[in-house]
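Per-chain numbering from 1; labels A, B, C, D, E and F assigned in written order.
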């Protein structure tokens, strides 16, 4: 109808119809490919979580054996003279419970190796709690040895030839008897959540690593948050455009993308070698991770500050607010959710970080729960790394269980971040 | 055919004006956005700045309360006085200046706080009210003056951002009024509003004129014609003509002005 | 009195100055608010800061150097014989002394240390009193001066703001310090390394067996520190295999989520991807080593490739790729969503289908952002450590076979620095040289990628 | 609160009100000019006639004012619909009233010439016609002030009566001249005077028409433009 | 490319041009009506007179059109400055031309009455006056079409000559009536005719005034509103 | 005093209109944005939609090319026909519909490609040009028609985003023209432009009218008055009055229309 000299578009023509149909086919294909990508990513996640969980769920339970223990002061080497309470306590804590258990196990189970090598520790703690037990005989559930654990959890493949099962036929027989007698049970592995590392898989716990992580994160947060926010505020609100601020800007952006292991090298060279700080200490780990987290916080804070519409700034300046007032009264409050979100994300990344900490020695075997930021400690991811290297069969499920704990913490942090972001997301 | 000289109506360049600008230049880096502009702004008058996009209206307006300070690359030359005092004197305190020369922006920009807090913020930072009762009074007075009190008096603690565009803009005007300014600058205050809201704001400006010197930048010539008593026409950073609004719109003297207001620009 | 107590006193003094100066400022005769420069609280803040800052700095400085000074003085007061030898011995000695002084230890093991305890204690006490007193004096002078000088024409607000600016500017210097720290420490150790090993050897050599260097006679011997296999391994895993997995999946996922998914679906799927990003690398590493690598090997063997190793580039690379998906998809998501929605509407309004719009308008428009994102992802992948440490192996093979074990720069750094270290050995130092290379490469990638992304963002602002 | 039909921008209402009030004032002046001119004619009151002539200046000034004001309102307010019609109507009504004022003045100007002569005959007819016309003008102005289209239509309808009256007076006067050539000059003046009155009636009708248009947006059916009587029915 | 002084929105120019051309047409019609009415009077051509009367309807219609069009332009274009002045001027000039047309028609209407009588005396004076007035109208219209303020001023200045001419003709006619009462009726018609011509001259002057205002934004110094000659200088 | 019924001028509801809407409702979730609106749109006419903010003008406009489909929660009821075919028929192909009913948006939105590619995009996806020469011709013709050819012919491969706002908007119009539409919808196409650029677009719309049915939404009543031949006034989702533009602006029939266009809305 319109353009002289050109054909009028005929949408009904065969060609055009076919063309439109082809375009729709391509459309659907493209869409399916997209969906496929998301599904692949999601199913990988599901697979990962499933594997970890199915491997790790057992780590939260352990086999326990019932023993009738006679707390004979003689075997324990406690003299009657230690009658005063204080003296008794000292005596108990010095007493050697190992023979007590060993003999009881030998007598009642026929094999002292069925009981964990460290089972006596719990018994001792019990007695320390309640010295009146001394001299009495009690039935006590003690931690079983690793082979009891795998038998109780049904992890032994009886289809295999006996010599390839990893447990001797004798042990299996002993286990069966115990089970018939009701002297064996699978119980919640409280030690896993309350104890530190151990060379015995059945006794190893993550509490020490968790505390290490918490201490490290406290240092990280304490340093990177204020510095990060202040830097962001300076760069967004004050920094004049000059070489120095350009350098700051470039440094920050790059630091955010520098591999974490480089920070490990920095920590090693500066904090340990130059400042001579304590190896393996949360304070060093915290400082190292703080430097690593700082740019993340700076960047997300800057984004949050930037996303405060300039009109708010203008509005405040326009009625005579000073710069600092604009920042404190308007920008920070509005940007805070964004800043917090960024901080949590930075922190959760730090919490999952392993490599730099390996370099500053936080891979040391620490069987005590750390009590200060200068004491040797390890952190959860490093603990996971260490356990993953252990050959002991029980450590596989411990590793996965530790991962479950770590993921739970991380996921809840992320959930908080997402919640914050959604709740305060502002549409201007 | 650009005219060589500025057409200045003497009437509107009287002595003792509230604010005077003399030979004001503004550069953004190397680029000159405002070129030797002189103008007087008087109390009880609405002065409108009109001109095509990019002619420097906003830039020039923002010189009057030194909002250009916030732009790194902006440099202002010439002399602007408020009550005879040079506002670009290093001894002049910007914070005070901005309290005395209020500003209303193109897009309504209430703080994301309650209506009450929006108004109370300025008086609070300037310490204008010592007691809650004083503050209440300031808030009520400012809102009343901005013609908003009846609409919002029952929901003072609702958020200022939850109002309609026109109400938000009136809130912003109320906020500017609350610190008791002497001059109010408005940069296209109605360009984001529909005709009804625009009419309300125009009505308000007309009302306020009694107490303040008002300067308004607008793209909308009809609006300048409706709302102002004096109009300045800018083109390419120059002030082309400045005079009584009626004269400008019925019988402009400069060719460029005529061409612009009659829609004849090449 | 301890230093902490003095700090409390300082705080109290600062508060007092604040209150006093504010009260004084309140009493100014004010005719109109237009004529006072600063509100009373600013005068208060100014006084408080004047009281607090110099004194606080003094205490802080003492906190840093104090222990050293006290220790030196203590040692110098000890008889010659009881002094520990310099070095580690001295450190241990002082640790014991401090342990006893702080009450952590009931008693020192060395008699000399026990001897030093009272000296240490009294030295510390007198220093503390001196410094603390000085600080309080400073605070008094500062606060008092500020209070006296509180006058209507004092520009207290300007001064307080100035102070805040300086503090903020100082904070922002930390970033530069960190970068400098990294560069200097890497350079320092690397130079040390290159003084022993020919840099050309390091960069172009194809043999990597640092273990052999432990033997003194082989230090720097040819072939041991040729890092090419590491560089190759890094690129092979991080920039090739991982990207082959991550780019298509990440990009398509982003496209699907931003352009196709209903908002309800998106609400579920997006956090899922974010979870993927939140999983620590050690978990991926564990997963790769425990599950993926054996599966890859079994698969390879089942199709007849007997040589397949249980630590393979493919396993590490593909898991790394999965790990990078959310990174790429969120960069692509950002890039796509910063293309104004108007573009999309514009294309739809011409009768384009969604995929045409995406392929011809949105992706090209977002391309710089996407490319920048991919470069950042590569930078991230080649700096990734734990997955390769756990799943790629330690064998420095120069191979293009994804089923073989290869090793990477980062894996070697960890390997080199987590054994028993002698700090002077070329083996240990080589880790820093590797770190330096890694740093430089990622730095360049980042700078380039970030400029691309930045320019892109500005195009739409 | 503002009256229901008020503009949001009150000063627009003020403008329109001011415009109307100028027109109102003009109408008042014109009518009083007309009345006084007739009065001066009847009583040969030269002073009064002089005053009417002098006062007409004011009407002229007001018309200029109306014109300038209307242009200013159009430029400043870009009025639409009813408002626009009102401004345009004001502009035209202003011009019409100015003409009415002129005719009044013209009558007054003739008083001197007539009073010098001996002729006194036309008085009662002119008085009657003056009354009719004055009422016509009054009605038209009331219609304007009340925006009353019905009254406007009534004014329009009355015009014929005035024309008829003019016709008969005209004939009488012609007859008188024919009878007594002495009377030529004064009677000619009277002829002009009644012609003027007839024209005033026409203009009042025109005002009514504009009022009707302004109020309703529609013109009265037959707009009898320039339908001035010529006195053609006179028998020659 | 568009002419240098064109609006960006060309249809606005089209509107203004259309408005001007209607006015131009009206002016042409009015002038030709005037010329033909004089001609019909001189040659007692009744047919021509009838045609003039009939053609005036067209002028009336055009005036309505101008008014409606001007209002539409104001409503649609919100004209400013020169454009606004031009529209307003067109509105007023339209009304003035309509009056000129009416006067032409009125002259034509009187032809029949006059031709019936024996009186033929006033012919040459009326012809001369008709010529003067017609030129005046022509100049005014040219000034309008060329937007020529100088010509407009010249038109304004010429008006006095017409008034003087009217004065003398009026006296002559009065004298003739006084001499011969038979001539009362036709001479009275002639008096009206020259009065009409004088009024046409006035209206042409008013047009020139509006042209000047439209072109320059300023009024001619002494806007001699309604300065119609009364013939007062006649000796009684 | 809302009027009970729609005032519909019969003239503008003639048979055989290009597009007809009958009893169109639009809901956003639960909220009704457009309520039983019937309207005809004819070729060779510019139809303007006016009304206060939020009255549903844009929403209704976007029904004509089913752009509302892109909003999840939007539901459209009633019937809209293009050349007598229901466009909401499942068999109607949106791709084709949108090629036939072009759209121009409030903010100029050129693609970040060269000027040439901006124009060529539409014809290319629809396969309208087989050879480069054809495409060149389409590009030239579209740009010429949009009054942009002379300004840009020497820089066709510069980016479309590097032009001034007004040029960008004309580019967008050229882009819409390039796929040979029959109807062009414009949603406040000048609201982001200054008076000069606005005048240019208005001039262009007036030019284009000869070949297309044009519908324009505008906030600016003067603009509707200037540019359109027919005007529809919406209020609160209702069509209040629809008729010839001149009649609407000099003598509206409905009280609400009159109150709105004369600035009397309470």
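Assume a contact is a pair of C-beta atoms (placed from the backbone, for glycine too) under 8 Å apart; a residue touches a chain by one contact, two chains touch by 3 or more.
Note that the coordinates shown come from a computational prediction; the quantities given were computed from them, not determined experimentally.
Among the remaining chains, those touching subunit C and also subunit D are B, F. Shared contact partners of subunit D and subunit F, listed by label: B, E. More C-beta pairs touch across one of C-F and B-D than the other; that pair is C-F. The greatest centre-to-centre gap from subunit D, using C-alpha centroids, is found for A. Relative to the C-alpha centre of subunit B, the farthest chain centre belongs to A. Look at where the CA atoms of subunit A average out and do the same for subunit C: the two points lie 19 Å apart. Centroids built from CA atoms put subunit E at 94 Å from subunit C. For the pair subunit A and subunit D, the distance between C-alpha centroids works out to 99 Å.
With centres set at the average Cα position, the gap from subunit B to subunit C is 48 Å. In subunit D, the positions touching at least two other chains are 7-9, 12, 71, 75, 78-81, 84-85. For subunit B, the set of residues that touch two or more other chains comprises 95-96, 99, 125-126, 196, 199, 221-222, 225, 249-250, 263, 265. For subunit C, residues touching at least two other chains, in rising order: 157, 353, 356. Annotation, chain-chain contacts: A-B, A-C, A-F, B-C, B-D, B-E, B-F, C-F, D-E, D-F, E-F (touch as defined at the top). Subunit B meets subunit F in the complex at residues 52-53, 164-165, 193-197, 199, 219-222, 260, 263, 265. The touching residues of subunit A, counted against subunit B in their complex, run 240-241, 309, 311-322, 325, 329-330, 334, 426. On the subunit A side of its complex with subunit C, the touching residues are 23-24, 26-27, 30-31, 33-38, 40-42, 44-45, 48, 51-52, 55, 226-227, 230-231, 233-235, 238-239, 245, 247-248, 250-255, 257-266, 268-270, 273-274, 276, 291, 294-295, 298, 322-324, 348-349, 351-355, 358-359, 363, 381-382, 384-385, 388, 396, 399-400, 403, 406-407, 410-411, 414, 418. Those residues of subunit E that touch subunit D in the shared complex are 56, 60, 63-64, 67, 70-71, 74-75, 78-81, 84-85, 88, 91-92, 95, 98-99, 101-102, 105-106, 109-110, 112-113, 116-117, 174, 177-182, 184-186, 188, 191-192, 195, 219, 223, 225-226, 228, 230-232, 234, 236. On subunit E, the positions that touch subunit F within their shared complex are 7-12, 71-72, 75-78.
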